[in-house]
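Order of writing sets the chain letters: A, B, C, D and E. Residues in each chain are counted from 1.
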Amino acid sequence: MISALWVMVGISLLLGAVLGYSAIKFKVEGNPLVEKIDAVLPQTQCGQCGFPGCKPYAEAIAKGEADINKCPPGGEEGIHKLAELLGVEFKPFGEGAGPRAKAVAFIDEQTCIGCTLCLQACPVDAIAGAAKQMHTIIASECTGCELCLAPCPVDCISMQPIEENIGNWKWQYPAIPIVQVNPR
Amino acid sequence: MNLQEYKDILHNGLWKQNPGIVQLLGLCPLLAVSSTVVNGVSLGLATALVMALSSGSIAPIRNYVPNEIRIPVFILIIAVLVTVVQYLMNAYMYGLYVVLGIFIPLIVTNCIVLARVEAFASKNAALPSALDGFAMGLGLTAVLGVLGAMREVLGKGTLFSGIDLALGDMAQGWVLHIIPDYKGFLIAILPPGAFIGLGLLIAGRNWLNLRAEQKARSKPAPSIAAPEAAQG
Amino acid sequence: MRQLHKFHGGVHPPTHKEESTRTPIAQAAIPSKLVIPLHQHVGNRAVPVVQVGERVLKGQIIGRPDGRLSSAVHASTSGTVSAIEMQVVAHHSGLPDLCVTLIPDGKDEWIAHSGVDYKQTPHTELRHILRQAGIVGLGGAVFPSDMKSYSNKHKIKTLVLNGAECEPYITCDDLLMRERAADILRGAEVLRELLYAEEVLIGIEDNKPEAIAAMRQAVQDDKHQFMEVIAVPTLYPGGGAKQLIRVLTGIEVAAGVRSTEMGTQCFNVATAYCVWRAITFGEPLLSRIVTVTGNVDRPQNYEVLLGTPVSELVKQAGNKPDTNRHIMGGPMMGVDLPSGAVGVTKATNCIIEASPALFPPPPPALPCIRCTRCADVCPADLQPQELYWFAKARDFGKTQEYSLFDCIECGACAYVCPSQIPLVQYYRFAKSEIWQREQEHQAAEIARERHEFRVLRLEREKQEKAERLAQKERAAVAAKPVAPTPAPALADPNADPDDTLQMRIDAAVARAKEQVAATEPPKNTDALTPQQQAEIAEIEARRAKFHEIASHAGADDESPKQS
Amino acid sequence: MWSSPFITTPSSVSQIMLRVLIALIPGIALYVWYFGPAILVSIALASITALATEAVMLKLRQRPLKPFLTDNSALITGWLLALSIPALAPWWLVVVGTAFGIAVAKHLYGGLGNNPFNPAMVGYAVLIVSFPAHMTHWLTPHPLGDIVLTFSEQMNYMFNGVLPAGLTLDALTMATPLDTLKTQLHLGLAANDIRDMPIYGRLAGKGSEMVSIGFAIGGLYLIYTRVINWLIPAVFLGALFVISGTFHLLDPVHYVTPMFHWFAGAAMLGAFFIYTDPVGGATTFKGRIIYASGAALITYLIRAFGGFPDGIAFAALLMNICVPLIDIWTQPRVFGKKGGGK
Amino acid sequence: MRRIARSTLQTAVNLVFFSVLATAILASTYFLTRDAIKKSEDAEKLKLINQIVPPALFDNDIIRDTLSIPANELLGTEGDTLAYRARLKGEDSAVVLESIAPDGYSGRIRLILAVRANGELGGVRVVTHKETPGLGDYIELTKSPWIKGFDGKSRAVYKDADWKVKKDGGQFDYMAGATITPRAVVKAVNKALIYFEQNRDKLFVVNEAQKESAK
């Protein structure tokens, strides 16, 4: 009985010492998870998640402060990737928060007054122009974030869906007529 | 803590986050002792008891345990409680103790116990923690019972065989012979039967869930917020 | 006897070549109109250089090459340009592309042209001639030949001339070799010179004895000393460039590797023929041999003007009423044409008229049973059943691990599949998904960089502004008694205080509204100094440039249709 | 839009499976010749059960019935199972085994093409584990048994469990040649002396050795018609020969000849019909060598040292599990690339 | 450095506190249940013995009235085993022996058997075995009454040749398809009876320890 007690005391002294030592000695700083999450996000910097850009959203997810279903441009696939990365369950988009068709912003140059407000709103510097000069969207850089729509005082910016053409056309997933699973 | 929250805890343990068929934790004893209802339920109840006690006793001291030795202390407490239960069973339910054998001490290493302590008891007050532990244990017991019943009926054609081991000699006549003169479908009793049975149970739960979801989708219902799922 | 090599797999589909080899090549009639796509080659689409309503001569360039990897497009006969617009083209997607519609005047009037002596002409100029003549690979790959005809510092030992023509039904190269062997070999000699190749191996499948004989005769007649005509075993896809190189030389050219790096280069016989015509006679690529076969009365090979609508071409062979589709190319790798109105292109080696009897629709696919017949026939040594499994599950990472991009889409796997699974379609699907993802990923990377740069820039500007203000104050304090501070520069809008900016915006809004109300012309440019006008012109030019960049974004071949 | 290729070979899954069924016929014919027609009843019963289970599962899974019921794969499962268990078994044995194989091992995994395990072998494994006693009653071959049951007597036993008056199961059945060998070795007899017992013929068990030859003939037909690849049967039989030969040479008293191992039990059936099942088998060249030799090793270990008389089925299942790994590690060299695998 | 040392010491002391607490709880439970555990164990043992030696046959404390038997070839044992002696009113009535059949189909089969003073078998039970479930496990009483076939048998009636399964010309039943297992059991029981015959006198000797505890 007494020996059992001594054994317990001895073991716990030793283990406690080891644990207390390593808790200080091997403390890990920083969070590599943020980088991993950021790599999954589509980098539209659109702020639709409620955070000012992709990186802040990634940080919020890593801290557990934000849900994984707040990024419409990433699509459901993005949520799946995040779910897998974080080891949590997939969570569908909320009502009306789903992704829209891919589009680029387009400035109606007849109406544009060259106020530069959209330039300041664009998170990726995809609008070219200077004060009092008409602006143009560099479509190849435009992420379709729509952040330029609101600031425009003359509402000359619209989103133009990217149409399918021979260049961006994709092969369809082959339809297998045989598997007729009734939609449940 | 209001009534709704207690309800949620129960719902979580028994259905939504059922350790046996949702979290898939503590499968080793689950598969090993579920060959009959009595075995399954007995071990399940023993586990539930340990879980309720460990969660309930760890919750009040959670703020005094330094983070560095959190896990060792939790494990220590769980181990003590399991050993106490083991002594008690050894003393007062010897037959069952022999049948369950190694799986009683193995409750210590059953990850569902530590999982609940870590995920719930270390963040909540004593009463809800104890309830959570017990609910999770009951969830496990339910799975063990159902799986045991499936395997026993299919494998032996009986129900509650060995109940006298748990409840004493007076229960000897309580064994139900569901199918008289049954040849026995041995694979149900043997380990493969446990895996197949558990698979069917998980499938069945998913199916029920899917159906409920479809119903809910056809007429939107308020969603019930639930504490996060324990992982691990 | 040369030691031939083998490639893995291969299939023996029924050849169906006899039907169209009974008669010599016929000249197809000039059609009522020509629909000439401006994108008939690998690389950038040619830029139209004619106007609607303009009369063009045969051989006149109507699309100039755009960028390094591109090729010229010509008027196939003389006539009037009636439209330059989006039209359905011969492509799997069935989507429209920019085409020049030409109404022939029937005169077939040539533009002035003349050839050169290739021995007296520098190689760079020869290549320029090929580029301006629109010569591209006629075996189906349509890669600009000028880009293929220099060795990139690699020592080329063997030039492989591909006359294998392994796909069923197609006989255009066969007939070309039978009838015009001499010119083919002369073209090959030009290419050999361009590549400094030691030898030319001409691979022809042994089911074309007449072509082999004709080519051998031509080698003898012209005393080509570095050439050898080799009969290779008939085995699909033995006519694939990589497979033929393997059979003839034993060299395996992996996916993503240039064959020149391995010391070989491969040209189609028809390409060699066109090279010869272009160099010696200055004839650009205006027509090609097309096999018209399948569900027609008289299967035959025609020399067809590029741009000839397919329906007009097949009419000459006698089309049948139960024809339900036109297939361009062979039955293994061809394209199901979206319409009979599409024009013949440089890639059109064959038109198969299909009927339900001739090409029954595929039966419903059954699950894969992993019988590995596909792996047994795959010429790229892939595991098609695994690729299918992962493509079906949209596990694109795994498809790449299993070398999806080594797949040449020859269709041998789908041909033998007992479950009738459209395997190639799955691979094409997976490939285009991966390409798109790759593009999206790159776009995201660029967006991230630009965003980070922007954040940095704003930070810097803020700092600079603060510094400037501080400096100004110091300067003001120091220079107060001397002189008033100079007016702040107006050029930097970011330096403007917000309130003035807002004022200016309000004014601009008012102005804009006035404009709209008065429905003035869009530019309020009256009464301007010449300097202002110059500025505006400059802005306009810049805007046009941006606009062009914008509308060409993502796809290098998109038209400015957004405006 | 229809995408190339536009032509295909006329082969179909249904036709491939039909060829396999045809290839089983010589073995079945010899079976009937030596052991009586009971096996035909078993096969018929298994076929009906297989198709019925398939139909029910397809219906439950909301899949079309016709293409899958006519693909003949369920029939193969039924036939292989019926051939793996004693012919004189109660009817429910066949039914339970077949139904389990089709319902659990095939459809719960996703149906044709998705089953990692051979359904017939799963059915067999379930039966031998669950009803080992019934799985030992093998009919005595024709030249040995004094009593020959008539067809109706066999039916009466299978469906009613009634034997003709005065007859016991013991009089009609015997242990398999492999089982007898194991028992006698256990009792301390030498392999040679055991082989002199009347139940053994020239190669292995009397009667059953001829059935094995029948299966081998069918298997050669399958190789000839390219329904199966020659590699797996060749490597399996080769490896079995080498392993059993090594043991036999080292200790002929306790280990019988390779020929015995080839023609006893289900070796031939396994070599040509079970291990060659494409769905759960390895697909690469090297993979198939590993797969077949692994199967041979496990078969031999179970036969020589294990608790069951034959190991074909368990070897098949164990190797089935390894297939994904084997396939990953034996990827062939891709055209033009250096080195294989990953 | 001081910080590390302090943390180390603090943690260790904390852990010691909890483990001392735990040990105390365990110890008290142990002492509380010790007697009950002993009692249950004895009750369980008695239950097993009662199956083959009915309570009517003895009035002594059979659990304590034991004799240690060294390893013996006839019993198949490889170490010391205990023999339990049943006595009625001071008269020897039966002895319970442990025996091992080494040649089961898949290893050893451990048996206990009761032999009455007259050499008749009181009964045989299988304690542990690894025979194939569903095939060789009918030697368990829960699976089949086969093992009861030994009740009342003795070497006085059955000669050596009879101690075999019927298939081998003996007197004992077996199940078709599983003959190795019953063979092993029958053989082991016969050998145990021979052992009893040879050592009959020694088996019932009252040793000193027993005398002490009987008082």
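We adopt the following convention: a residue touches a chain if its C-beta (ideal position, glycine included) is under 8 Å from a C-beta of that chain, and two chains touch if they have at least 3 such contacts.
Just so we're clear, the structure is a prediction, and the values are computed from it rather than from any experiment.
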Graph distance between subunit B and subunit E, where chains that touch are linked: 1
Third chains touching both subunit D and subunit A: B, C, E
Comparison of A-B and D-E by number of C-beta pairs in contact, larger one: D-E
Per Cα centroids, the chain farthest from subunit B: C
CA centroid of subunit D to CA centroid of subunit E, Å: 43
Separation of subunit A from subunit E, taking each centre as the mean of its C-alpha atoms, in whole Å: 69
Inter-chain centre distance, subunit A versus subunit C - centres from mean C-alpha coordinates, in Å: 35
Euclidean distance of C-alpha centroids - subunit C vs subunit D, Å: 55
Shared interface positions of subunit A, touching two or more other chains: 12, 15-16, 19-20, 23, 171, 178
For subunit E, residues contacting two or more additional chains: 7, 10-11, 14-15, 18-19, 22, 133-134
Subunit D, residues touching no fewer than two other chains: 3, 67, 129-132
Interfacial residue positions of subunit D with respect to subunit E in the complex: 129-133, 135-137, 168-170, 173, 175, 183, 186, 307
Contact set on subunit E toward subunit D in their complex: 103, 105-106, 132-135, 167, 175-180
Of subunit C, residues touching subunit D in the complex: 7-8, 13, 92-94, 168, 242, 246, 252-255, 257, 325, 327, 329, 331-336, 338, 354, 359, 361-364, 366-373, 375, 379-383, 385-386, 401-403, 406, 409, 411, 414-420, 422, 424-425, 428
Of all residues in subunit B, those that touch subunit A in their complex: 67-69, 72, 210, 214, 229, 231
Subunit B - residues contacting subunit D, complex: 183-188, 190, 192, 196, 199
